[in-house]
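Below are two complexes that have chain A in common, paired first with chain B and then with chain C.
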Partner chain A sequence: MRAPWLDGAPSREIILLCLLLAALILFPALANDYLITVLILIFYFAYVGQAWNLMMGFAGQLSLGHALYVGLGAYAAAALYVHFGISPWLGLWVSVAVAAGTGGLIGFLAFRFGVAGVYFAILTIAFAEFARLAFDHWSWVGGSAGFFLPVANYAKNDLVNLRGSPTMFYYVLLAMTVGAFLVCHALLRSRAGYYWLAIRESPEAAQALGINLFRYRMYVVVLSAAMTSLGGVVFAFYYNNLFPEQVFHISRSIELILAPIIGGIGTLFGPIIGAFLLTALAEGLDEIMRTAGLDIPGVKQIFYGVCLLVVVMFLPDGVWPPLAKVLQLDGQRGQDQPGC
Partner chain B sequence: MAALLEIAGISKNFSGLKAVQNVSFNVPEGAIVGLIGPNGAGKTTCFNLVAGVYRPEAGEIRLAGRRIDGWRPDQICRAGLGRTFQLVKPFAGLTVMENVVVGALKQSHSVRAAKQIAARVVEQLGLQSKCHEPAGSLTLPDRKRLEVARALATAPRILLLDEVMAGLRPTETDRMVGLFKDLNARLGLTILMIEHVMRAVMALSRHVVVLHHGQVIAAGAPGEVTRDPAVLECYLGEDAL
Partner chain C sequence: MPASIFLNVAVSGLLTGLVYGLMALGLSVIFGVVRVVNFAHGEMMTVAMYIAVVLFSAYRLDPLLMLVPIAGVLFALGYVMQAGLINPFINRPEHSQFMLLVAVAMIMVNALLFIFGPDARSVQTAYAYDSFQLGTLIVDATKVYAAVAAAAVAAGLFVFFRYSLTGKAIRACADNYQGALVVGLDVRRLYALTFGLGAACVGAAGAMLVLLLDVTPALGPSYTLLAFVIVITGGLGSMPGALLGGMLIGVTEALAGLLFTPSAKSMFAFGLLVLVLLFRPQGILGKSAS
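After this line comes the complex of A and B, so read on.
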């Protein structure tokens, strides 16, 4: 895992990014509704994948229960909106607080008592399962029968209450994906970013260099949980229904880590590339199946499995690092800068 | 004058094995002290007790007068103690420069300033031609150098070196010896070194502590210690002279 994000990104990279961003901003004007919904899905996975990647890719803390934070964020903002008419733009702060608090609790239990590696991952699964069972029996938010938001009139966009057309969600999620990218980019150039990478590479050596492991691990878990919960808020208002059996299910946790794994763990572009590849290919497969008149249940899961297998076998660092090399976007810092 | 590092009667067992027993010695400010002894004598355990990896079961450790036994390694680092690992632990996925920046960030919260500090240290250790290479691709001697660079970048008052000369060619050893001599003379850096390479120990230390079976069996000037019958018997052997 190289680190192609440190030290002055080449202008070529920035130009390409700006072109891509411009294309994405213009996209809804040219595309049909179906393509917009596909892009919405891609942005969602890129965003939550980036949030997960912060924790796993940069600080080396494996979470297999990130659906927990999506779910908490979704339920908190949705419940406040449905029960009290509070705008999601205010509700999201509660979502962030709840998710960050829960992440902090898990982190505290794990890092205070030396639960690390696989055992930490199991702890994250356990908390997601606790939440699933608890929400199943919590009638205030619908219990296992599900929690529903009033379905919006798509003719009019109401950004304040996040009620509106897919195009509105498209732009909201595009902004979030770009925002998450910029935040992670800045974090990685900060002191905390260096410390997270050091902890990922060797906790003992990091500690010997004066890094408080507990503190920096807590930071990253809380931050990742908070970021992920925002994805949950948009998820709730976009789909308008929440079922604990789906939202908190482990398959959701797995689904949201596939993009960064396939794109490249520990890279800033990995989650984005991964989300594009996975979602676009899965939707393409769907389309082919439909045209062919085939209906095979579970084909998407099998497809995900095959993708994962191919990446693990042939591209262990993910798609982005070799792609960056081909596109000559990996900085080539060594050649550009003589000496240090 | 009180010593910078005072070790008084520290002990550590590993499930019955007495790795370090009642070890006491001092490292005065500005000194270079060598810690020698045969394999398994408890030298690295001793280091790990001082650096906070293990908590001593008995005894006291003081750094600049403050008790540090029982502190975490990061607290001890911030108190002014830098260390290298015998089994090197580079941040393999990061470049050489980034590795050293992590150390330098203890001195400065600003990444920009830390990079400047790191660049100087990288140059001191002769790693500048490799500063953008991933640390995982370095040869062992370069990894040892990187260990030293990273520890130095934290601007320690005392540096604990665990066999940093092992595996170096004689010319490289001399270069490293020269560097430590210079740091000691110019900045007053205090050094405690575990070393098997006698060439380096003799060149650097005016005081040597010999450990055997977890106990101090001799201490003094290198010339005296190497003539001590107990030391000859356990460690150097007749042939060494």
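After this line comes the complex of A and C, so read on.
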């Protein structure tokens, strides 16, 4: 029997998922540190990709400034920890509140004043750039010289203050990725989820059916911003340093939307598959460059660019939908279901 | 602060803004006709800037004289991009077009980084420190030359669209896509031509901008944003709007740099963008929503 919350998903899918999850839980016991850090990166991109996908893939609102929410989440939790010693588990609520508030502000301005499509995307970039410049000049959080967390002693894991070894971050991020997947899965089958799909497909038709466009667009922006900011909290405590120039930069916003686009916009597995493919390929490329003794800047990004180009040109729906067909994981899915 | 400083800074901002305006004009022309937002705009300009730097350092060719050949090279690049990459995407969803150009932009920036490295490059001409004086007003000769050239290129483009047969055909495509197809215009070729012309504007602007500032590969994305800010402020699709927006942003940034700190000047440009998006989304000279 299937669990009720997975009703509608083929059982074959669930079995494969459970096997994958079990393998990922056991993974750190077998793998070396390098592979663990690669997987941490994959989980991070899968998580923030899922959060972005909620907004773009499900509700059709293209944000090109999601680094803003990562950065706000990261800075809020890190500043509270460094200045007041507040545990990130408390700080993350502030992160969520700040990011959700900012997302709400952008959403309010955009949707209330009818800023849509191209203009909405550019508005999101403008806010992220504004934040980058503002943080560059805000000395309380280090300004452009960067903001640093005291580096932890890796011999001992302190989950309360998120100070510890990569293995601890591995499990934290794995839990977040799985959590985001389950949340999005549940949301898609909720009333709001169906409303979002309707808004994505045709805002006019959705409005004609009595859906409050403004309210449901606001929900999705706030939710996506809040989820993304949690990725930022972990980012801050994992890397221990934050530079506005890097955290808020437009290239970061682009980087974090690559996984869902390559995996498949609007699918639940897309961001995860995309993150796996992209990070694994990029790390492989790094490895080849290292063994060849080459150290040339830009190669990884050229590779990202080519991947993105190939995917948008030849696989407009991403990697997941054709892959699901090959694996026969979409068998029992009706036309009205969002492919997942 | 004496008023003459403000005047000097404002005039200097205005002249730089005219070059920005030419760059933004390219974006506006492309959007107005092809209806595709060129996310690789600033990156194409850095390509032009690097061509100018290489020509100058290798052969001592003055960027102002090389303006036409560089614009020609960028025209070819734009034509090929539209004909080969973007035309198949004309009927795809907006986000798909964005992503295509974002990918092109990523490849361009990092190819420049790969070839030239991250260090800033510049062009030192013999007239770099010349200036003109008009009473208390002192302006850099370089800025005057660049602004005059930008105005000339913009005027040329304006005349082309207004009076030439090809220009009229392009405007017909922009006004009514279906109608243009019906009367037998080769819309795809005209689109490629338009993208080429937009790219040529960027090329010309890049050749002049290299005289005003140092170039690094990382300049690309910030100039793409600047072009968006200008074009949206002036009115997306409006040619005079792009030039006006350019000058407005040029003056705003120059004055913000004087009154606050130069590194924060772009915040004012973004602030202006947000205000325009909220209160006059079609831009200052743009037609209201179509």
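Following the convention adopted for this analysis, the second predicted complex is superposed on the first by the 324 of 340 C-alpha atoms of A that agree within 3 Å, B and C clash if a C-alpha of one lies under 4 Å from a C-alpha of the other, contacts with A are read in each partner's own complex, and residues count from 1 in each chain.
Everything below uses one rule, namely that a residue touches a chain if its C-beta (ideal position, glycine included) is under 8 Å from a C-beta of that chain, and two chains touch if they have at least 3 such contacts.
Not measured: the values here are computed from a predicted model.
Asks: May I ask you to name which of chain B and chain C touches more residues of chain A?
Replies: Between chain B and chain C, C touches the greater number of residues in chain A.
Asks: After lining up the shared chain so the two structures overlap, which partner does A:137 touch, if you call chain B first and chain C second: first, second, both or neither?
Replies: The answer is second: A:137 touches chain C but not chain B.
Asks: A:33 contacts which: chain B (first), chain C (second), both, neither?
Replies: Neither chain B nor chain C is touched by A:33.
Asks: Please indicate which partner A:287 is in contact with in the superposed arrangement: first for chain B, second for chain C, both, or neither.
Replies: neither
Asks: For A:211, decide between first (touching chain B), second (touching chain C), both and neither.
Replies: A:211 sits against chain B, while chain C stays out of touch.
Asks: If you stack the two complexes on chain A, which partner ends up touching A:158: first (chain B), second (chain C), both, or neither?
Replies: After superposition on chain A, A:158 lies in contact with neither partner.
Asks: When the two structures are overlaid on chain A, which partner does A:261 contact: first (chain B), second (chain C), both, or neither?
Replies: So A:261 only meets chain C here.
Asks: Inside the complex, what are the residues of chain A that reach chain B?
Replies: 1-3, 6, 189-191, 194-195, 197-198, 200-202, 204-213, 266, 333-334, 337, 339-340
Asks: Which bits of chain B are touching chain A when the two form their complex?
Replies: So the residues of chain B in touch with chain A come to 51, 53, 72-74, 77-78, 82-83, 85, 89-95, 97-98, 101-103, 105-106, 109-111, 114, 118-119, 122-123, 128, 131-134, 150-151, 154.
Asks: Once bound in the complex, which stretches of chain A touch chain C?
Replies: Residues of chain A touching chain C: 56, 62, 64, 109, 113-115, 117-119, 121-123, 125-127, 129-130, 133-134, 136-137, 144, 249-251, 254, 261, 265, 296-299, 301-302, 304-306, 308-309, 312-313, 316.
Asks: Applying the document's contact rule, which stretches of chain C touch chain A when the two form their complex?
Replies: 37, 85, 88, 92, 94-96, 98-100, 102-107, 109-114, 117-118, 217, 221, 225, 228-229, 232, 236, 261, 263-264, 266-267, 270-271, 273-274, 277-279, 281
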